[in-house]
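So that you can tell them apart, the chains are marked A, B, C, D and E in the order they are listed, and the count of residues begins at 1 in each.
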Amino acid sequence: MIPLGLPEPTAPALTTQAPDLDYWLLSPLLVVFAVGVVGVLVEAFVDRRHRRLTQLVLALAGVGAAFVLTLLQVGSLPEQGAGVGVAFATVAVDRPTLFFQGTILVLAFISLLLIAENRDGESAFAAQAAAVPGSEEERAHVLAGSQHTEVYPLVMFAVLGMQLFPASNDFLTMFIALEVMSLPLYLLCGLARRRRLFSQEAAVKYFLLGAFSSAFFLFGIAMVYGYAGSVHFADVYAAVGAGGAGVIEDGEPLLLIGMALIGVGLLFKVGAVPFHNWKPDVYQGAPTPITALMASCTLVAAFGALLRVFYVAFGASVWEWRPMLWVVAILTMVLAAVIAVTQRDIKRLLAYSSVVHAGFVLTAVVAASADGLAGAMFYLAAYGFTTIGAFAVVTLVRAPEGGAEAGDLAQWAGLARTSPFLAGALGLFLLAFAGIPLTSGFIGKFAVFEAAVAAGATPLVVVGVLSSAVTAFFYVRIIVLMFFAEPAETAPRVLRPGGLTGTVIGVGIAATVLLGVFPGPVLDNLLPQPSAEAAVGTQPSGAGIVPEDMFVR
Amino acid sequence: MTIPWLTLAIALPAVGALVVALIPRERAELAKRVALACTLVVLAVVGAMALNFDPSGPRFQFTEVHPWIARFGVHYAVGVDGIALTLIGLSALLVPLVVLAAWKEQEDAEDRGKGYFALILVLEAMMIGVFAATDVFLFYVFFEAMLIPVYFMIGRYGRGGERRRASMKFLLYSLLGGLLMLVAVIGVYAYSAQAGNGTFLWADLVGAEGLLAGVDTTAARWLFLGFFVAFAIKAPMWPVHTWLPAAAGSSRPGTAVLLVGVLDKVGTYGMLRYCLELFPGAAAWFVWPVVVLSLVSIIYGAVVAIGQTDMLRLIAYTSVSHFGFITLGIFAMTSQGQSGAALYMVNHGFSTGALFLIAGFLITRNNGSAVIADYGGVQKVAPVLAGTFLVAGLSSLALPGLSPFVSEFLVFVGTFTVLPVPAVVATVGVVLAALYILWMYQRMMTGPVREKLAGMADLSGREVWAVAPLIAVIILFGVYPQPLLDVINPAVEQTMQQIDVSDPAPVLGVDQAGGQEGAGE
Amino acid sequence: MTPTTETAAAVSARALDLAAEPGLEAFGSDPWWIVLIKAVGIFVFLMVCVLMMIMADRKVMGRMQQRHGPNRFGPWGLLQSLADGVKLSLKEDLIPRTVDKVVYIAAPMVAAIPAFIAFSVIPVGPEVSMFGVQTRLQLTDLPVAVLLVLATASIGIYGIVLAGWSSRSPYPLLGGLRASAQVISYEIAMGLSFVAVFIYSGTLSTSGIVEAQQPVWFAVILFPSFVIYLITMVGETNRLPFDLAEGEGEIVGGFMTEYSSMKFTMFFLAEYVNMVTVAALSVTLFLGGYHAPPPVTTFWPDAGEGWMGAVWWLGKFLLVMFLFIWLRGSLPRIRYDQLMALGWKVLIPIQLVWITAVATIRVLRNEQYPPYVTAVVIGVFFVLIVAALWAWGRSAERARAESDAELEAERRAMRDNPMHGGFPVPPMTAPHYGSSVAAEEPRFQPASAHEREEVSGA
Amino acid sequence: MDPMNYIVLAAVLFTIGAVGVLVRRNAIIVFMCVELMLNACNLAFVAFARMHGGIEGQVIAFFVMVVAAAEVVVGLAIIMQIFRTRRSASVDDASLLKN
Amino acid sequence: MELYTPIFVLGGIGAAFVVLSMVVGALAGPKRYNRTKLQAYECGIDPTPQPVGGGRFTIKYYLTAMLFIVFDIEVIFLVPWAVHLDALGMFGLVAMVLFLANVSIAYAYEWRRGGLEWD
């Protein structure tokens, strides 16, 4: 008989010694959080006219400061070991964490510029989200020039979640981070100024599916907790190595179910097939700057978390999760590439392309090696810059009437005639997506495929290569459309890139080319290096013993 | 301090391309001049380099090695042997001629051809780079990146309504091949890393002591195939040649010259340099399939060429046939065969280049039509044009005294000693070559002058300057190929050494039949 | 997956060890018949209380309004409510045709049953001897006893909401919604007012809290919490002045409109039982439970021992119950927006500040900071409160001035133009039936469709 | 009672929730099914915490409640918005984005 | 289980009483059919048509529900903290003050932007 009365545990361990939070190591997170909170206060107390500027300055300064702090922490990591665990080791500050956080912050900074773009008092966000689309109320708000400056604090909270997601060192923190990241994004998705019905629909879909997937994630955590008796990654690792925590006999199925369900949750965030259905809808419906934020930062964060979970917590059971990821990676690369070919809307197409890219990164995850980690990290950073640039271009091309974005590809025909610079930029980004040498996409692709081949996953790489040929087809088709086709009957209205959007595109181009031509500094200095003995000793088929020294344990 | 000739030759056109691209659209004339000047300077640099080349020296000369991406053992490593040098020379020679020939072609384009010339320069940089690279990764980078300028040259500046489809076909074919090669390239790296030192340096990889020596047979065959498919698509070899006629037919003749004259050589060059030397065992295993494919290419290309109604497509198909000879020579694995193949690459560049250029002149004179039936009696109104066309055509069918003859002969000789039956079959191609070239000449140049062509002008001074060097070279090397052979032969010798193959012992005193019987037993 | 029996047993044993909560040893060991006696006793007590309360309600109200109240049935009219109950049970039980039957019938049960349960954790007296068994005058106690009270109160709300919803009629729906919105609003303030008590008692068990109130009642040291609890208590039970859910004047009978006979009685019963429960809880949490009040204990140390404790408890309890009637008799019903504003804008912020203050002072004392630190902290809180009050007063003043100015402007406009503000006279442009005069063109063109298209995002 | 029964119950509840999400069409009900799934997780956590004899699982349950609450707030806001626009909360009606 | 048994006993008694009296009420009362009696009460006028599900009500109630959830969660955190405040000491105090400050910020936002106005 289990008594229903829950026990009050005897005094928790906290009492004996005052817990020590290393505020310095947590400072990037704290800064972003503080800015978000201050942003809420600004919403409450600052006059309507000054809000946008205040919020923008705050947000940019906050993200910038957080980035600087992140950089400074690289220096303050201990020489020995990968890094340190902070706040009862619930947050891991190690090199992968800092790289992911730094990448997220930079990408978020660029996205913020895109979010802040404000032409003729018209941003990408609804004047009043609560007003029913098409109603008199909305009209009144539009004419009055209302703006949702809540966007900035929401973005800051989302960024906070993204920073914490790859850094979390136990499942509870990771779950919280997941939600902190997702909840603001659900809202942001529904705030588009044009095509508000699409936008609201995207928000509902994203929300329902996101909540669904996070429930799976959570149940997976519960199972793993049952198996291991702890949600801390290091304990889970130890428990997996030891065959369970000993309380439940023959608990192997718990672990397997848990692993699979956690995988579902993470793969959903990543957008891998068969959990990708939300991506095209959400990317299409969301305001484009938010799409850019999601396509870059969220992907980075989600993969960061995925890598940490599978490399650290489940590092001792590589052989169990590997086949699952193999299948997922193959499905992702092949199906998404094939479906993408039929798309007619640029944002949907980019969404499917993002799914395919997730598949490519998964091949590196499958490698389960230092090279795999580094390859995935590089790929994500490179892809992030490129994709933000691409979405920035999308924001500039508008339908001839009404001011909505020209989603239909047919309207993009002959864009190179009227705006060669824009078309050229998008062309470059598309070539980078396709993985043409001398762009960052190629180096990224090389890095992930190299890791996979070295780990004996050559068939996966062959599939990847074939699907990347398929993807090249639709990228090239867009280029053909823009450069070689006659302009469409109803030519789109191409906005002059304002200072902010122009900067975003410029940074995208610069990063795409620089990372393509001189990837050395990033690859050699910022990413984890395979240790010496691993480089020599590993047989291609023997990979899959996750190296121990990359993450904090 | 030694002069970094190769880097110079790569960087100059790249910088030139940037300059041309930055010149405003209104001053397109200036842009063209800058482009021409740039190509001429490159030609001078390459020429100077060629003069400094020592045929009896080490195999690779003018080498430079700088680390590029340390993590993957990637180097910026360049250097040339005889084969590469001749091909670089070919590129450097053809590009200014193309620029000259294309001077007025893009007048109607929106940017008045400025972009076209910039692309040509970019392409030149990459062509030189791809031949000069001695790092597999670097080679691959140039190999793939080269596609983009050509893609735009066909798709944006091409001719005819099919050019979008053609450019896309070209790009996708090449990309598919390139991606398969990427797997093989990664495989090479993985095996080298396994052997203790992850690197892409060609010199470290090849040979009996090289890092790839330990690759097991099956893996080596797969890797070979990865490279070979990419090169076969590029070369273009039957059955993956279908992009070429479309691409050549839809491109401006200048583009076609570079495409067929130089770009496709990358395929055969890659077979010789990478397929054979990195995986000699696998190459030996694949000899027969490749030879069969070569023979099919030779015959098929020739037969289909006969049936063409469009002269650009016809020339493209002849190239399919000629590339069959080159691959045949390469995979004969004899020194004559490979020398012949190497020489053929250069000579084919000259002859096909000349053919395309003159075809281009014809097309501009006839409202952009490349249909053979639209011509007739040209030699009466434009004798110089017709004459040069004839010379180029004859060189294409390997008339003795013109340069391709020497190479074709060497290929035959080299093949016959080891693979007599294929050699005999291949001769059919020669006969067919005579047929398609002469028949085309007959249809276009002889007979009554067509009305539309009555007022046709003969070659202008600029055009003469564009073609004359080629004709001169064709005749020069037809009569006296020794300088080229002197440069090529040592490289071939070393290649043969690397792949551990030697020519069959001369069968003096034994009659052919006996030898054959001996071989047959 | 299934653990062997040994493992399960071991786990259970360890769990049992954990369950051994210090302070709760006295409970859970009663023989079954004692439990039964106590339970029946509580039930009877509740029923009697309800009957008496209804009667007292009417009697006291009558006295307050200079009249007699019921005085016919039984001595001094004491049996009046019993008679009412019998009458109600003999009335026709109507079920309107449109209602959702299952929910409609279940709703009164959902409202009434939890009301009984909550009382089980109320300590009425200390340990006494009952038929030779030493037992406490409390049905049971839990480590989470106070939460149980809150939980049952929340479940009771479902009864109200479901009643409103299932009636399929506008008034009940509105009444149900209002009731639930009101109750959840006040529940927060109520929960917050408990927090200060928990800080001082260090436990959630009711007997523990009562014990912790020796020698001083929490009503004294946590006076603001006590006051707020009293307010929320009234709000929670939907009593005047907060009985908006059944405001007869505006929404007929609120959620009970469609109910009759015993079902109606059940809601009534639930309301009064809830009153009893929250009153008893206030005695438990703030008024020292069954302990005798401090001055008494100085000369009579055993005043709260044994059955005497129950007497003290009953006295306090009746006092609180009287407060209910007193409030009802003296305060008018407030508006709904005032009700919500009071809950959200006054009670909650006060509670937040108050809890922070209590916790800070408590920790400072525990950690043995010198008294002047505490004094400074108190000073800071004081200043903050004064500043907040000042700011609030100013903003209220400004708002009042603004609205006054608006009103004044409106008045002036009215004076200048009697038609101002759209006084309901037919506009001149309206079509005049039977008149030959054509309607004028409307003076204001509605926005053209095109323009609308442009600004709307649809 | 065998604590494993709680786990089984949690799994059953979770499955009911998951099936509900997949089968039901009303956004609000779908959403409630998600909440059911979260609560099933809570049950599992608490049961496992009891089995392991620690409090970690219970603490997690607390956090899950918070997250569930936050999700409710965000979700209700989003669903109400589309409901006001469309006068329908059926997920099938939300099909503008289908392709 | 022992601690909880008495609760069930009391609940059982209460439930028995409630059910019994409702049954008695239903049986004891007279049954005189009258069409009007079975209609919903609406000032003598026919009920406004109600869509299935009880109709729609103002968004205000949803807002209140959301607010309640947020603050109820706050209370959930406060309760265990309050019980163990003595053990948690200064750390607990600071942590909770930070938490309350954050909640208060949200609260202030809500107030300032009119979320607490009922009209």
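The rule we apply is simple: a contact is a pair of C-beta atoms (placed from the backbone, for glycine too) under 8 Å apart; a residue touches a chain by one contact, two chains touch by 3 or more.
By chain, UniProt protein names: A = NADH-quinone oxidoreductase subunit N; B = NADH dehydrogenase subunit M; C = NADH-quinone oxidoreductase subunit H; D = NADH-quinone oxidoreductase subunit K; E = NADH-quinone oxidoreductase subunit.
Bear in mind the structure is a predicted one, so any value in this text is a computation, not a measurement.
Engineer: May I ask which two chains are joined by the most contacting C-beta pairs?
Structural biologist: Chains joined by the most C-beta contact pairs: C-E.
Engineer: Compute the centre of every chain as the mean of its C-alpha atoms, then state which one is farthest from the centre of chain D.
Structural biologist: Most remote chain from chain D, centroid-wise, comes out as B.
Engineer: If I average the CA coordinates per chain, which chain comes out farthest from chain C?
Structural biologist: Result for the farthest chain: B.
Engineer: Suppose each chain is reduced to the average of its Cα coordinates; what separation in Å results between chain A and chain D?
Structural biologist: Computed value for the inter-centroid distance: 24 Å.
Engineer: Starting from the mean Cα coordinates of chain B (NADH dehydrogenase subunit M) and chain D, work out the distance between those two points in Å.
Structural biologist: Here chain B (NADH dehydrogenase subunit M) and chain D have centroids separated by 65 Å.
Engineer: On a C-alpha centroid basis, what's the spacing between chain B (NADH dehydrogenase subunit M) and chain E, in Å?
Structural biologist: 82
Engineer: Per the centroid of Cα atoms for each chain, what is the distance between chain A and chain C, given in Å?
Structural biologist: 47
Engineer: Enumerate the residues of chain A that touch no fewer than two other chains.
Structural biologist: If we look for residues of chain A contacting two or more partner chains, we find 1-3, 5-6, 9, 12, 133, 196-197, 247-248.
Engineer: Which positions in chain D touch two or more other chains at once?
Structural biologist: Each of 3-4, 50-51, 70, 77, 84 in chain D touches at least two other chains.
Engineer: Among the residues of chain C, pick out those that touch two or more other chains and give their numbers.
Structural biologist: 1, 3, 11-12, 15, 18, 142
Engineer: Note which residues of chain C are touching chain E in the complex, please.
Structural biologist: Within the complex, chain C contacts chain E at residues 24, 27-30, 35-36, 38-40, 42-43, 88-99, 105, 108-109, 112-117, 119-121, 139-142, 147-148, 165, 167-171, 173-174, 177, 181, 184-185, 187-188, 191-192, 194-196, 198-199, 202-204, 252, 257-258, 261-263, 265-266, 336-337, 340-341, 344-345, 348-349, 352, 355-356, 359-360, 362-363, 366-367.
Engineer: Using the touch rule from the top, collect the residues of chain E that touch chain C in their complex.
Structural biologist: 2-7, 9-11, 13-15, 17-19, 21-22, 24-26, 28-32, 37-42, 47-48, 50, 54-55, 57, 61, 64-65, 67-68, 71-72, 75, 78-79, 82-86, 89-90, 92-93, 96-97, 100, 103-104, 107, 111, 116-119
Engineer: Touching chain A in the complex: which residues of chain D?
Structural biologist: Checking each residue of chain D against chain A gives 1, 3-4, 7, 10, 14, 17-18, 21, 27, 30-31, 34, 37-38, 40-41, 44-46, 48, 50-52, 54-60, 63-64, 67, 70-71, 74-75, 77-79, 81-82, 84-86, 91, 94, 96-99.
Engineer: For chain A, which residues count as touching chain B (NADH dehydrogenase subunit M) in their complex?
Structural biologist: 374, 417, 431, 434-438, 442-443, 445-447, 449-450, 453-454, 458, 461-462, 465-466, 468-469, 472-473, 476-477, 480, 483-485, 519-520, 523-524, 527, 529, 535-536, 539-540
Engineer: So in the complex, the part of chain E that touches chain D is made up of which residues?
Structural biologist: Residue list for chain E touching chain D: 59, 62, 65-66, 69-70, 72-73, 76-77, 80.
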